[in-house]
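Notes follow once the structure below has been shown.
Note that the chains take the letters A, B and C in the order they are written out, and that residue 1 is the start of every chain.
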Amino acid sequence: MQDFFNFYLLPGLVLGCIYALGAVGLSLLYGILRFAHFAHGDMMTFGAYIALALVAGLGMSAYGALPVAIAATILLAFAIDRLFYRPLRNQSPAVLLISGFGIALMVRAVVLFVWGPGTEVYQTGIQTPIVWEGFRIQQRHVWILLITLSIAVALHLFLSRTRTGKAMRAMSDNADLARVSGIPADRVILWTWALGAGLAAVGGVLLAIDTQLSPQMGWNILLAMFAAAILGGIGKPYGAFAGGLILGLAEELASAPIFFGQPLVTPDYKIGVAFVIMVLMLVFRPTGLFRGQVL
Amino acid sequence: MDNLSGYAMYGVAILTMGGIYALLTLGLNLHWGYTGLMNVGIAGFVTVGAYTSAILTAPASPTHLGGFQLPLFAGLMAAAAAAGLVAWLIGLTTLRLRSDYLAIATIGIGEILRMVARNEQWLTNGSQGMTNVPKAFDSLPSPWSEVAFLGVVLVLVAAMYWLCERAHRSPWGRVQRAIRDNEYAAAAAGKHVERFRMESFVFGAMVMGLGGAMMAQLLRFVAPETAEPLMVTFLVWVMLVAGGSGNNRGAVVGAFGIWFLWSFTDYMTRFLPDAFEARASFLRIFLIGLALQFILIYRPQGLIGERPPKGADQ
Amino acid sequence: MSLLSVEKVRGGYGEADILNGASLQVGEREIVVIIGPNGAGKSTLMKSVFGLVRLREGRVVLGGQDITNAKPESLVSKGLSYVPQEKNVFPSLTVQENLEMGAFVRRDDWRPAMERVYALFPPLAEKRRATAGSLSGGQRQMVAMGRSLMVEPKLMLLDEPTAGLSPKYIDLIFECVKAIHAQGVAVLMVEQNAKQALGIATRGVVLVAGEDRFTDAGPAMRDNPDVARMFLGG
């Protein structure tokens, strides 16, 4: 029981938190701007490395660097949208997808240029885990869970209590009607970028705290985040959050020895789990678990 | 005289790789330009083609499956067939998806195929790759070896170009265009949309597999990183978009053109001080990404915009 | 001076014009119903008033102001609101939130307006926390109309409000239109249930092939045997 928690359940939850943070932004962007934002993973990478600059340069803790990482990633998102996506606003989703792919590489190239291709960590050294009756939880995992929980609560309040949050959900539901109702599309789009980029930055930093930094880190989990967004239903932020958690758990649990001591999938093929879930959803239930849009 | 021959050899090398990319771009044109299939998993088919050819033609080795030592031509055929088979298997479930969902699915497939290459050591020697891949005309002395190989590549490009053009002008090609432009109308007209999409998907994948096989031969080496998404998938997309998607001439021109540009910028970085030279490749990636944005915004039809084939009933 | 004046407009979705010189007027205290055969351009005319379809020629004037081809977002604050025929609610938002979105452009207190909407549509008051997507067709139509009332418009554009509804709801919706009108809102409506619509209308306009052919007082048009034969199914 303890082993199951320590090696599979907890890591799955932690991974799920990171996926959830990325997937919410991805789902909202997909629902409101109508395109698959392929550069989202690299925005997470960007956020993580900005935090690294502060950690390495000013000796801050990674958690302390979060606000700056968030702000920098939001600014990056605004700039990218203004310069590259806005001129393509009326193009087909395919064009925007390819553009996003290019932006992803450009952001990654900047990271590579400044920090090089190797891996980095925020801090070295072993931290003592918290132990209780055989259950073990690392300190950083506590932080990750707490931060994600706080963000989830804040996100819920934003989406359900504020005018802008509701306008975002409205636009995601029905952009034409939002326009007809007088909701200013441009402003909602900016807010969507801010939210998506901010969440991506947090996800990136937390991912780096959990494992390490590498220029490919965001790209490597992009597929899983898309799967989570699709699982939850495109345009449904709550669904994306749930999808992220489910996918993280599924990925880790799939390599747990639950079938008479054998895992469902060998650890090398964990990424396959996200992919299979995604294809199953797309073929059998493209609106996702929570009935999002079919684009 | 030495310098000149050095430049000449460099030119041959560039043309050779450019030709291989032309094959890949022609394949992508079949998918995207003809039928509107958004394949962002090019790397996967290239990997399959490269490994199939390598495994079948390489001598026996303790580190991976091999020892068949089939002739290179057979390796090529097998590479195309394997890539086509993989495409068929994938297509059974995913071809129905809308273009951006298909894009995500194909990326996943590409990654999984590379993961198989990385993890199945018995088959591929894992991350270390296979180092004894034979190459056509290898036994000839330089420069004839390289020139002959270039000849093979160019012949293949010409052959594929001819095949693709024939397909484009044929009734098959017209149906593909109809499906790309308005799937529902084509279905209403009684066309078996799914079958046509599958045919295009398999055909294009076979051409990509062929390119992969040639790449393995050229490098005399194949590893999971050979078809790393950046170099292969993204570059080929840029080539097609820059040249003009929807037509084969654009595909070939775009491939050679972008490859020249890529190599030229690589060459220029040699003049930079050492500290910069290592980083320069990242600058090149940034610039090519930027170039793509400009093309998409200001000249989306590429260098050679699409035109209907001559003598078509349009 | 009439509240809305559409003057000889021409336009459509693409190359071909659907509207061929149509004109109509809506006075401040009127309910005007547009009827006509399928494809006459009724919905298109309404959309073009709201800036959703481009007009090549002609003018649309609201309260003396030229609003031809104005951006839809700007018209809401000018006292014009539009209820589309389909997809006219935000399905994942609650009834209350749908209404709030209708008031998005308002800077002042919109709660009185919301209370008036609930008074007008009592079933909505009970279901204010239900998501709009979970409601029946008739209830959704009420939400759609309620949403457009939140800006307290001078003129409401309704595109086939009773389409696809059961007879009970059709009656209810027409009663609601009357009630809205009684509160001082002018209404321009496209309707397929022409007979019943003309019964509550101040005036009717017959639109054929993108042009207005005939206008008369509502009840008179309803009882007109020629009109009845052609458009009202006898």
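Here, contacts are C-beta pairs under 8 Å (C-beta built on N, C-alpha and C of every residue); 3 or more make two chains touch, one makes a residue touch a chain.
Predicted model only: the values in this text are computed from it and were never measured.
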Can you list every chain that touches chain A and also touches chain B? none
Nearest-to-centre chain - CA centroid comparison: A
Which chain has its C-alpha centroid at the greatest distance from the C-alpha centroid of chain A? C
Return the distance between the CA-based centres of chain A and chain B, expressed in whole Å. 31
In whole angstrom, the CA-centroid distance of chain A from chain C equals 42
Roughly how far is chain B from chain C, centre to centre by C-alpha average, rounded to an integer in Å? 55
Touching residues on chain B, where the partner in the complex is chain A: 38, 40, 93-94, 96-101, 103-105, 107-109, 111-112, 115, 118-119, 230, 234, 237-238, 241, 278-279, 282-283, 285-286, 288-290, 292-293, 296-297, 300
Flag every residue of chain C that touches chain A in the complex, lowest number first. 50, 52, 72-73, 76-77, 82, 84, 87-93, 97, 100-102, 104-105, 147-148, 151
Residues of chain A that touch chain C when the two form their complex: 163, 166-167, 169-170, 173-174, 176-185, 236
Report the residues of chain A in contact with chain B in the complex, numbered from low to high. 35-36, 83-84, 87-88, 91-95, 97-99, 101-103, 105-106, 108-110, 112-113, 116, 223, 226, 230, 266, 268-269, 271-272, 274-275, 278-279, 282-283, 286, 295
